[in-house]
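In order of appearance the chains are A, B, C and D, and numbering begins at 1 in each one.
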Amino acid sequence: MDGFGPVAAFWVLSGLTLVSAGGVMMSRNLLHAVLFLIVTFIGVAGFFVLLSADFIAMAQVIIYVGAIAVLVLFAVLLTPRAGRDNAETKWALPGMLLAVCLAAVFLFVIHDTSWNTIDGDPAEGSLTAAALGNALLDTWVLPFEIASVLLTAALVGAIMLTRTPEEEAEDALS
Amino acid sequence: MSIGIEHFLTVGALLFCLGLAIALSKRNAIGVLMGVELMLNAVNLTLITFSRFSVSDTPIAGHTFVVFVLTVAAAEAAVALALAVSVYRNRETVDVDQLNLLRS
Amino acid sequence: MDSSKWYDIRDLSNLSSWILENLDKVLPFELVYVVAALIGFVASFLLFVLPSQLYLGVYGERKIIGRMQSRYGPNRVGPLGLFQPIADAIKLIQKEALTPTSADRVVMYIAPIVFVAPAVLLWAVIPFGENMVFANIEVGLLYFLAISSLPVIANFMAGWSGNNKYSLFGAMRIVAMTISYESPLVLSLLGVVAITGTMSLAGMVLWADEFKIWAGLVSPLALVIYFICVSAELNRTPTDIAEAESEIVAGYLTEYSGMKWGLFYGMDIGYALAASAFAATVFLGGYTLFGLEQWIPGWMIFIGKTHLFYFIFIWTRGTLPRLRSDQLMEFAWKFMLPLALLNLFLLITERMIWAEQDYEKGFIYLFAVVNIALSVLLVWLWARFNGYKPEAVPMRPRLVKEARGYVPTGEAN
Amino acid sequence: MLFLASEPTTPTIAQEILWAILICPLVAWGLIAVYFRKIGPVAGYLAIAGIGAACVLSYVTLFNVMDANGGVAQFTHEWFTAGSLEVNLGVRVDGLTAVMLVVVTTVALLVQIYSQGYMSGDPGYGRYFAHMCLFTTSMLGLVLADNLFQMFIFWELVGLCSYLLIGFWFHKPSAAAAAKKAFIVTRIGDLGLLAAVLLIWNELGSFDVAAIQEWAHDEPDGAIVTLFALGIFAGAAGKSAQFPLHVWLPDAMEGPTPVSALIHAATMVAAGVYLVARFFPVFESSHDAAQVVAWIGAITALIAATIALVQTDFKRVLAYSTVSQLGYMMLALGTFGYVAAIFHLFTHAFFKALLFLGSGSVNHATNTFDMRQMGGLKKHMPWTYWTFLIGSLSLAGIFPLAGFWSKDEILLDAWRHDKALWVIGLSVAFMTAFYMFRAIFLTFHGEYKGGQPVDHHDEDSHFHGDPAHPHESPWVMRGPLVVLSLPAIAAGWLAYDHIFKDFVNGALPEVHAHGSSFEIGIAISSSIVAVAGIGAAYAIYMKKWVSSESIRATFAPLAITFENKYFLDRLYEDVFVVRILQRGWNRLLELNDKYIVDGVVNGTGRVAREASTRLKVVQTGQLQSYGLGVAAGVIILALAVFTANPL
């Protein structure tokens, strides 16, 4: 990828994403952490656009920002104020050390591998939403259906988990 | 100046490690969940990167995978947050280092 | 559009490309875009935002509602009260923007900004005319949905940062409501996507032009569902439980004042206008009007349709009473969602039949007639199914308990 | 309708009509189930309307196929594709299908009309009609299906509906038990069918009926063909109540009588015969399988007929008669009498439905099915009597009624194929005539013995009349009897000039010439046997020249065997379920549990306890320490890989 636009976009996005991911790590206030997380999500969506995956980018914004982040906000609110700090456990230091080690391993692998990449842009029409839809309903139809079952199960499970004892008693009566 | 696959992979790797650090170090269960979501995002980014750059007949496969990851992430978030709320209701805390009933 | 002279105002892109060409001769490369962006911003502000937002949004809304409620509306500042919006703006700007001591200052300051940004971004994919779309991306509809799911976070930030019980209530309500109404909204639009076979907004307008019919006529139920859902998500009055002043002071805006409040207020109108523009594009054929766009500039037709839709927003606001929070939730899950699913199923079935049988273009009119009839029937049947009986709605005032409302446990017998 | 024997052509029928046949009763079902379950007679009218529409369209289809001389028309749409599995959704119509359509819809329509009278006042009125509609739909779907997969779906739906209908009065323990029995026993057969479905997919990669017929034709006598044929027959044996899976059918009499009429005349039991007929080329290719079918059919016919001789329950006589006649049809299929089997299915549907509805009418008057409490009903219920007599004569095979012609063809095929089978067939014909007229003489002649008094404390009973004074049934019940007696008389005449034969032969890939379908010697012998059976019944039960008790005493061992249904029920119950499953297998499992499983478990436990006391230090119970372990493991693995083979 050459040219001023993509390069600038890449650096801006990677700065935005990584800094706000660091913000999730650093912020003491759980709610601020969620807000940083949202910025990270949007940054990753920007990367998707940069990688000419428009549909995935939009899906990322809708699902992660519109749904998951809002859910997290909800959960934060449903746990009272005492539970809203974002402190570390005693495992923080070893955890971070390990993460740094892992990052080193990853970077080593990334830079020492000779990637077999294409030159220029991907083939026209191969990465569009229509192609994705065809792939999902043709080659991947079985995983697609299983995913729908999984979503249903998660829906029912979430509802059952959060029912209060009073509601359960009410249902048993009626 | 030109950017290639290594740049994107590096961002993905760093994001993953940050997510891992968050998941390993946070005390609050919701914080841990956020770390996990970050890791999933990093993996998605990597998948899309490979899909965009690698020589393949079916570059759409990477996108398909990401769609499934998104689906599973949504389901996982819903259930995990329901769990967090439920745990809070029963134990009055969501600190993972106090959830150690399994300890001998 | 055969002519491409700069003064041909039927297509304003002629003008802009003419300006760009001439600027290119004078200015260095980077500056051209900066200057062009500035010119575009000022132009669209003068052409669209100012008249729409300030006059039709603020003045017009107040005036129309006033007439609907047998009042005069603003009539003191300037002739016919025409300067009222300007006076309002000046008042808001010079007012002190208070911040409570216990508030989360940073979040409180950022919230209005986060609220404003998507309102601007939304317009990027709306086609004002044949060549007058800023970003004609393939997944425009999805882009619109994605961006319009952002402001709820700003609302939440606003409600949370005030550190006030009522604003938190408001935030919770709007978040819950957005999540509830998002699903029927997306499902209703999915049906339109199935019928038109494109997710690009410009493509939808072209579809309407090609088939000489509006998508809103082919899928009337989707239009109705879209209108109600968007009204709920935008917190418009019959469904504005998030800032219901009779219940929770001013909802998530309780602690806001001055221009911080003003941004929320103004952008509320901005979002409503964007939603209207989106509806005009998707459901009402955008800038086309059955060939009339050759004579009238397409962007005028488009603006007219947008305001037609916005007028309905004003209308409902002026005439309908506010719903209760639980009623609104039940309405989303018990009424809108099943109907949206049925509608989607119907439209996809028709699309499949159409594709398989290879019918000719005119067949869409038959579908339109069938769908209009079926929509009425579906709504009626579903209402009956949910136990709504017109004859059972009493004409006299009722107690809360009779209306199955919430009664505090202490008083229940 | 002049029918000229010429080459079959493709019918010109529109596929919308075929789909409509399927959809009409389905819509009726949906409407009844959702809206009109509780709203009185609307359910019945809806059901009649839905099935009536299907009936009219079926006749349209029939005439259309007749114009095409029984040719095949197939309309296939892709349903879904997953990997190499390609499933289609389609309809296929040919002579066989058209005949089945007409039989199913006609009988179903008449049964529905009859049910209007029979079921009136029942609290489950709406539910009854909803089930009936779904039942008819599934049977029509089975008949119309153009591939085995779709057939299997509707096949199971038929099974489900029969479960619902047999257990319609589910508050009666016996009805609930009968429903369960029917469901489980047919499920055993369905296992075979499922195996056949999987086998054919593995072999052919297609479920298409035409493709399977083609395949069977091209590959004579392979082991796969035999296995497939036996699987198909296992399913058919379950649904069509063939030995040894016939035990559910007599118990299924617990359902409402119109249900019995529908199940045992036109729909469920016919499904098995239809399935075997549909895959007839497969059986033709595999003589072993055909031999099995023929002998099972013969044994079924014999056993059921002998049991029917000693039944005292009016409806059970008919039930065993059904089993026996189904055995006949299978016998015909096994002796390559494809046409004879379908023809008998066709005629049998009408007169058996007539007989069942007649028995329901009798029950309506006397509140019982026990023949020992009846007698002399002839003068009270003339309509029922005469129509019942017509049905019985037809079933007994008296010239020139319908049963005569079809039974004759079966016997002819048996004669050509194997003399032993023919002898069995003939003896069954004798017994059929005997037990049917035994039932008639006991029920309609002699003195009336009072019926079953109404127990007014029994809340399950919805009987309204007065059993002491039996009366004729209302017109809504008599009408179907009269209408059904017409085909019971005349349906057999379609054998004239090979009309029926040429018509249904078009469904097969190639036409088989089996010579004449009428031989005077066979006809005379079977007629003599039938008349002899009637005469014997007359002598014993009407004139009482020979006391039935003395005969029973003379052949006591046989009689006891018959009365106990060859001890088959007890064999299944006591030996298979109790001895083998409960005592044998479970005992084995218990021993296994006690010594092997428990031993392993306890041993494991002991080992685990020892190990855990040492290892529990690692288990902090904290999520993140585990996560740390995982991450550390990843790093160690990566390092190991790098050291093993450096980049």
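Assume contacts are C-beta pairs under 8 Å (C-beta built on N, C-alpha and C of every residue); 3 or more make two chains touch, one makes a residue touch a chain.
All of these numbers come straight from a predicted model, not from anything done at the bench.
Without subunit A, the rest of the assembly breaks into the touching groups B, D | C. Subunit A and subunit D have centres, each the mean of its CA atoms, that are 56 Å apart.
Subunit D has its Cα centroid 60 Å from the Cα centroid of subunit C. Subunit A and subunit C have centres, each the mean of its CA atoms, that are 28 Å apart. Listed for subunit A are residues 55, 59, 67, 71, 74, 89, 91, 94-95, 98-99, 102, each touching two or more other chains. Taken residue by residue, subunit D touches two or more other chains at 622, 624, 627-628, 631, whereas all remaining positions touch fewer. Contacts with at least two other chains are made by residues 20, 24-25, 96-97 of subunit B. Interchain contacts give a graph that is no line, ring or star and is not complete, per the touch definition above. You'll find the chains touch as A-B, A-C, A-D, B-D.
Residues of subunit C touching subunit A in their complex: 104, 107, 137-139, 142-143, 145-147, 149-150, 152-153, 156-157, 160, 168, 171-172, 175-176, 178-179, 182, 199. Remark: subunit A residues 89, 91, 94-95, 98-99, 101-102, 105, 109, 112-113, 138, 141-142 touch subunit D in the complex. Within the complex formed with subunit D, the subunit B residues making contact are 20, 23-25, 32, 96-97, 99-104.
Every residue of subunit B that touches subunit A in the complex is listed here, in rising order: 1-11, 13-22, 24-28, 30-31, 33-35, 37-38, 41, 44-45, 48-49, 51-55, 58-61, 63-64, 66-68, 70-79, 81-86, 88-89, 93-97. Within the complex, the subunit A residues that touch subunit B are 1-2, 6-7, 10, 14, 17-18, 21-22, 24-25, 30, 33-34, 37, 40-41, 44, 47-48, 51-53, 55-56, 59-60, 63-64, 67-68, 71-72, 74-76, 78-79, 83-96, 98-100, 102-103, 106-107, 110-111, 115-118, 122-123, 126-127, 131-132, 135-136, 139-140, 143, 147, 150-151, 153-155, 157-159, 161-162, 164.
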